[in-house]
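In the two assemblies presented below, chain A is common to both, partnered first by chain B and then by chain C.
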Partner chain A sequence: MPTDIQAPSIAYLPLLPILIVFGAATLGVLVEAFVPAHQRRLSQVVVAVAGLVASLGAVIYLAADGTSRLVAESALAIDGPALFLQGTLCVLGIGSILLLSERRLDRSGGVVVSQAANAPGSREDLRLAESSHVQTEVYPLAMFALGGMLLFPACNNLLLMFVALEVLSLPLYLMAGLARRRRLLSQEAALKYFLLGAFASAFFLYGVALLYGYAGSVDLGDILTATSQAGKSDGLLYLGVAMLGVGLLFKVGAVPFQAWTPDVYQGSPTPVTALMAACTKVAAFGALLRVFYVGFGTSQWDWRPMLWAVAILTMVVGAILAVTQTDVKRMLAYSSIAHTGFILVGVIAINKSGLSGTLFYLLTYGFTTIASFAVVGLVRDSAGEATHLAQWAGLGKRSPLVAGVFALLLFALAGIPLTSGFMAKFAVFKAATEGGATALVVVGVIASAVTAFFYARVVVLMFFQEPTVDGPTVAVPSAYTAVTIAVGVAFTVILGIVPQPVLDLAGKAATFIR
Partner chain B sequence: MTLLAEKVTYVPATGTLSALWLLLALPAAGAAILLLTGKRSEKWGPYLACAMTGLSFVLGVVFFFALKGLTNRSVDQHLFSWISVGRFQVPAGLLYDPLSATFVLLITGVGFLIHVYSLGYMDHDPRKKTFFAYLNLFIAAMLLLVLGNSFLALYVGWEGVGLASYLLIAFWYFKPEAATAAKKAFIANRVGDLGLSLAIMVMFAALGTTTYAGVFNSGVAGGTATAIGLLLLLGACGKSGQFPLQTWLPDAMEGPTPVSALIHAATMVTAGVYLIARSTPIFQASPDAQTVVTIIGAITLVIGCVIGCAYDDIKKVLAYSTVSQIGYMFLAVGIPGAGAIAILHLLTHGFFKACMFLSAGSVMHAMGDQVDMRRFGGLRKYMPITFGCFLTGYLAIIGLPPFAGFFSKDKIIEAAYDLHGTRGWILGTVALLGAGITAFYMTRLMVMTFLGEKRWTEGQHPHESPSVMTAPMVLLAIGSAVSGGLLVLGGALQNWLAPTLGPQVEVGAHTISPTVLTLLTLLVVAGGAAGAWFTYGTKPVLTTPPVAVTPLTVAARKNLYFDALNESLLMRPGQYLTRFLVWVDNRGIDGAVHALAAGIGGGSGRLRRTQTGFVRSYALSMFGGALLVVFALLAVRLGQ
Partner chain C sequence: MSPSLTLIGVVPLVGALVVALLPQGKDVLAKQVALATSLVVLVLTLVLCVNFDPQGDRFQFVQSYDWIRAFGVHYAVGVDGIALVLVALIAVLVPVVLLASWDDVEALTEVGTEGSDAPAAKRKSVRSFFALLLVLETMMIGVFAATDLFLFYVFFEAMLIPMYFLIGSYGGPRRSYAAVKFLLYSLVGGLLMLAAVIGLYVQSAKQGPGTFSFEALTQLNLSHTTQAWLFLGFFIAFAIKAPLFPFHTWLPDAGAEAPTGGAVLLVGVLDKVGTFGFLRYCLPLFPWAAREFAPYVIALSVIGVIYGALLAMGQKDLKRLVSYTSVAHFGFIGMGCFAFTTQAGTGAVLYMVNHGLSTGALFMVIGFLINRGRSRFISDYSGIAKVAPTLAALFFVSGLSSLALPGLSTFISEFLVLVGTFERYTVAAVVATTGIILAALYILLAYQRTMQGALSSAHAALKDLSGREVAALAPLIALMILLGFYPKPVTDIINPAVKVTMQEVGAQDPAPTDVAKPAAESK
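Then we have the complex of A and B:
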């Protein structure tokens, strides 16, 4: 007798934040199709920001409710960490959208290319580069990416996680190639990101397949149950964990899967880089935490040494390679690699304070990073952004405010006390020490000292050197960028001085549902 | 031995006394205004400074009488919480008791007179205003020193007066000797300050508090009390120019003469005596520390006398005289129950030494800044007021009754003999001989300066100083004449200071009967004065110092080789140590740092080459990484 196919029961309310963002993205596509060209841009901004604000409201509503639950046949886990990260992503997403909307910096009035399909340097391309024509498809793309990011850390099912990974990655590959100036570099970055991303996705998918072979399910809960049962051939488990780990570590930019980071960060339009550096990292670490804490929570002794090695490599290589960088964006890219290492230290702690410290770190790092890249976008010369460090010499004399803000952000990235960076590092290092990873913390502190060198070098360059004659100018941004920088700096300072409320919030959120 | 009341209690300040902080605030405000207003205050600045100090003095008098009307004469004013870390609390507050009240009057009173005197003395100096700003700064810091209610507050004032002293010694910084002297004073004081700061740290560590109330009521005793006492003594030696840190004080005379009078004779250099008097409960708990205090005092008083005989520079003679007189105060303050006598000598010394310094300044003013006594002579007729004032001071210091010094010095000698045993005899005899030598060198100074033939250099026309200078001198001279008698009348000072220093001790039997001792002292003094008269008064004085002299004179002219000793014992090894440390820093530490930086930079450059920009090599590196991850996991599995 044929069995009846049961329709899965889905509770839609917990999915509301995700659904709202995807809805807004879809609405953005419709706006592209139906709204007249001259109104499109504003409509897109309104739709995107309203969508993210509504999503944030939904997150807060769910968080206030406080119940963790598995929804959609256990495919999704709406619990503390998921909601915390979704809220973080909504706020950071708003910042990224605002940066994308900046019109005043480039002389043509847009940060993304007007016709991505034109060959770089063609007559049509040159004409459009100087026109005020802007392409607004970037908004739905960003919203789809953000939707995927909201989904990613909530996935309790590896197959769904793979889908979320692709949903967040594919728009990013496209967006990386949309730079208005230096288009060849941008397109190269997009292609590299795509090829390597596809490679990593293949690893991830292979890992999912191996784990299905091991546990007979792609559900993290089932995998957890399987690991605690004796008598299974665990070769599949190890290979599966390894492959899955490669896919996730690629997304967070850990060594030895970091090669794409500097090239892509440098080539992408700076607002897109900000989105990648802040939001992608938050989402990817969310997924990483869930996989390792929930799915492999009982087999930690098997994968912990591997993560130890990766964390040490990431901190050391990130810090050392940043020392000789001459491009601000590349330097920040290596800085982001080093920070990946620091966050991994929190992941390896495998305790509640490690989880809450990691959540706190992701939040503070996101704000500081978005503001940093926003400042980088301000310093320009006739060819676009002036990202070579030599051009930043003496900036403090010419624009003390911008240079001062950047110096503050660099101090936060270096983890100087009274900034959020210090509190975040302190939180993860403390958790790791409690979790018995003191050696790792020692390496982390030494690596921090090395990173302080290249941050301080930029500060010295800005404040203690004479400006070059034909140096870049600092463009006065519109409210879009100004608000983003102001909010980023405010959070950086406030979380450095009174971190306790947010630490408490992260502490309250730091329980995964299984 | 007398013990204070078991508990030291301070009552909160109320009524008039709640304005105590004004004492400090007025001169501090004066200094701030003068230093911050730049050229604008050039005209009225000096007068403002005088007014601030004068007002402080008036307030001091008002508070004095307010305090007199109280039954518990120890008033504490809490200002604010200074340091608050867990159980460790340091409140910032003022303590106004008979001892600090006495000092407030001395500091503001003498300070005011010297401010007024400086109006005349510094009249032609282009940086007159700055001078007055520093003077006000000094008054404020000195008042904080004596009014603070904890050792930490005292330390702040202590460093403040050190700073003011440094600035004022080097006031004519374009003179290399002045700059060197200021540096020397500062460094010698650092050595002493180290002792004081260590003492405070010991209090932190052992007692957990630094307030006077806390420390004195903690029942500190034994080794801790001795350690704290000796460290405090080291601090006192530095500030008060006592053996072995006395060499900076004579050099400090390079500063303007009012500074020498105010800071390096009457007030700041007596801070050491104040510190030990204030810490009476600590020293009472440690007889060993007390003995060391008396020994230091005795050694210093002899050193000061002997060197004072050899110098021809009028200010240096007065400076060594100061060293010697403070030696007397240390001797007294170290004798149980004689603290009040030390303070008495401190007060009378404040009058007569300030008087003599100002008179010497008046002489220098008249003689074109000449300080060599061999080029003076016969000034009595030309500067009668100055001569009169100096004579009063002279009679006071050699201890002729009824001048001020008689009452205080005589009592010190008596108290020293009353210590009984060998100790009493040695210290008493030293003090007695010191009085004789003092009479010798002071008579020598008087004779060479005011009597005898004119030995002036070409083209000098000495004249009496303006009244703005002579008036303070006359007032101080009156003080030198009568203060001693007034202060001992009916044991006035002794009873007044009893709450801080303990009541007067009744010695059962005197070693030598006071009357006999007084006559003996007068005899010794007369002998010293007569010796000087016959050496310098009856035959012409050479205009250049004689070369064929006794080895003692040679040694005394070289400060008894203390400078040479300091140089070879401290300065040269210190220099070698710094050279060695600089070498270690340059080669060792910087070398390591540079090597590390170069290593990281080189490593970075090498690693950078892996970032080829080719996506194929990136993919390869990812593949290699994936293999590594797999191997790492398998290795863990095999290891289990």
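Then we have the complex of A and C:
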């Protein structure tokens, strides 16, 4: 009977974290439409933060319950890794929302421009830059992106994964163009991110199509079954995996698909950069892990060499190009590329400790990164953020606290012991050695040494050089930014000294449901 | 379970916190708190030394708790004889260094303001300086006290950060270059070691529960290839740290640019972590590889002895000169570690202590001289002995100790190393002996050029050492003389630990008759 289409049975409870965030985003749109202008900002912040906190509560509830399950006709997998990453995303998302709400740093208030479509440098654009007119669409945009990110690592179905990819990407493309200062860079970033992102999505979609041709299904479980059967066309599998890989590796910022990263990180408003650097990476790695561990878990000999090459390239290129940067945000962008390489080392381990190590790395990296970008946003001169490295000279003398915090975060990124960065690096390198990827670990430690060079260089600038006469000032942030930085730094230190509870959590979470 | 080592490690950290949190302007109080803290550590360490039983267990004052179960990491501390004397060396050097650096930060600020136009921002924080020194003390004690490889590694790397800031913030004109060079050299070595540490852990996990416990790791069965690779990972890290030729190039820069107190601790203690690492980790964990590579290490050491001495002779800068003498001395220590005789091993450990004392004293005297003359160059000084006889005399004594004059402590250690090495590597020992002659040359030449001769008018008003400065040097000089005549208390502590290490590496002391028997056959 052609008309007899049954409605899929959906268990809504496991979807609660995702639904709450999308609900809060929708509510944000309504707030935008109906709440009077002067109350809008506060209402948006409350809605967004409350949504994320509620979502985090739902994640904890589901995690305490402890059962992994496939829901919505096995299109979604709510299992350990998904919940761990969703929890991480909620916390990091709250941090990003708080950073977006900072009003005290820019003299006209707010970090985002209200009419991004104006031509940069035009009269309206200049007028707008100085006006205190503020729009708040950025909150629902961020929430939609976060909803997509929550969905992304839970997708057990490639078509749904594509939808999640688009849901998380489209708001980000927009948000990249919203910077209040240096509009041209920002618009360039948005356009570049959009074009390259759309291109990568197309690759992803084509990969899905090929894999459908190979396995007759877009369900990861079916693909897994298909890879263990003989008589399939391996050409479709290889091409499909490669294309899918391009789409995912683009999102995590792995070489050779990293070209967008520095431009977009530099041009976007700094809180948006923080959101992209921390949350997008977490979500995209979640999806990457699921695709390769679940869908292609038994065909690892087909794709492991490809990831080896990508990981080595990513670590080496990221580390070396970062050395040549003169802009703090670009430097952090290349550093994030190098870190993508380190995380890939954990992915390539293909064992349980690789999975738990990667989850732990994503969490620690997210906290450290959000706090770093928050600090970058504090250092300003008359033209906005002072991101040129030369302007940071002698910052340690002007404001020892901010410089000290930034130095600590940089040491964490460099992986110096007693910070979370070291524990995370240790976890993935250990897993990779156990998984037989010793050569990769050796490349990793050498790349780490190179990254230490440019982190140390910033410390040298801040502490060992004299301040310039017309150097930037450090703005005193409001509680929004201060709390975010404090939490990020606290996690960086605490996870460096007592990582056991979180490692346990990651260890418990490190089982995919198939 | 004895918490004494943890206590000794925590006291300086608490002191550092107090010093750092003192309100601005309380600089004198900060110094007093720092000194008092370091004296408390000294007293506690002396109590520890008295209670140490050389004939007892290998590791004493042990303490072990689970730290990170996911990695099998323990917070485990304990000292054997070798670690104990090095902890004692730290406990002696830190108060001395604090006393010697009493007014260094203020002096630095004055120097800065003379030639520049931004006086206000030039002021350096006294509190941070003393807090950093105390943090460094905690890290240094930790690195010697750790009996868990992971814990050792944590201290090994974390130790770099306070020293990095000491050099970079309070150092000489090329301080940022020297600080970065120091950090990067150490990190490269450290990260290679990290790969080896992980490799070792994975091997241990294949043979039982994965662990970093030193004693458990020595029981592992490792294939020769694995041993060779892991040995190299550790060895390069330690050789950079030590520093052994050809990994030494960072030391002259760091030693010369570091503030006096930093330089004393850098060369006196931090570098000892390298040679300590040879004895504690390279030898017992990878005995086969250690025996296999020993001849090459001995060769590098001998080159270091001669090369360091020759370069020291050619230096124009006093602090670089002392740094290069250390390269030569570390050649001796490296030779002692890898000769695989009890004599050479004991000599090497004793050398670590004595080198800390004599080079520490030398750096301090030179620091005092530079504070007065505002120049590091030998050619800027002459005839100083006429106006500053005490300074000259203490320079002379420290110098003599550095060139291993009989009657001063270094002589005994150098002698032990050479005799111990001679039994196994005759040629190497003979060549290294010429290093002693070269040492006499570089020390005496430097003394002659700066202290003797006509006094230049610029230095006519140069003040002799103050009471504080003499008080800082006195304990070191006293120890040099004391240990020069009666080293038994120290060697008694060292000897059993060295014997155990030699057993672990599978080396027996050659009988007097089979002098030329190579090490590899005696396993």
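As a working rule, the second predicted complex is superposed on the first by the 511 of 514 C-alpha atoms of A that agree within 3 Å, B and C clash if a C-alpha of one lies under 4 Å from a C-alpha of the other, contacts with A are read in each partner's own complex, and residues count from 1 in each chain.
As a working rule, a contact is a pair of C-beta atoms (placed from the backbone, for glycine too) under 8 Å apart; a residue touches a chain by one contact, two chains touch by 3 or more.
Just so you know, these numbers come straight off a predicted model, no measurement behind them.
Peer 1: Taking the superposition on A as described, I'd like to know which of chain B and chain C A:Leu42 touches: first, second, both or neither.
Peer 2: neither
Peer 1: After lining up the shared chain so the two structures overlap, which partner does A:Phe257 touch, if you call chain B first and chain C second: first, second, both or neither?
Peer 2: First partner only.
Peer 1: Just to be sure I read the superposition right, which of the two partners does A:Gln465 touch: chain B = first, chain C = second, or both, or neither?
Peer 2: It touches chain C, and chain B stays clear.
Peer 1: Go through the superposed model and pick first if A:Met306 touches only chain B, second if only chain C, both, or neither.
Peer 2: The answer is first: A:Met306 touches chain B but not chain C.
Peer 1: Should A:Ala439 be classified as contacting the first partner (chain B), the second (chain C), both, or neither?
Peer 2: It touches nothing on chain B or chain C.
Peer 1: Overlap the chain B and chain C contact sets on chain A and report the shared residues.
Peer 2: 453
Peer 1: Using the touch definition from the top, list the residues of chain B that touch chain A in their complex.
Peer 2: 597, 600-601, 603-605, 607-608, 611, 613, 615, 617-619, 621-622, 624-626, 628-630, 632-634, 636-637
Peer 1: What part of chain C is in contact with chain A in the complex they form?
Peer 2: 67-71, 116, 118, 121-122, 153-155, 157-158, 160-161, 164-165, 168-169, 175-176, 179-180, 183-184, 187-188, 191-192, 194-195, 198-199, 201-202, 205
Peer 1: If we count contacts the way the header does, which residues on chain A are in touch with chain B in the complex?
Peer 2: So the residues of chain A in touch with chain B come to 191-192, 195-196, 199-200, 203, 234, 238-239, 241-243, 245-246, 249-250, 255-257, 259-260, 262-263, 301-303, 305-306, 309-310, 317, 320-324, 450, 453.
Peer 1: Flag every residue of chain A that touches chain C in the complex, lowest number first.
Peer 2: 356, 394, 397-398, 411, 416-418, 422-423, 426-427, 429-430, 433-434, 438, 441-442, 445-446, 448-449, 452-453, 456-457, 459-460, 463-467, 499-500, 503-504, 507
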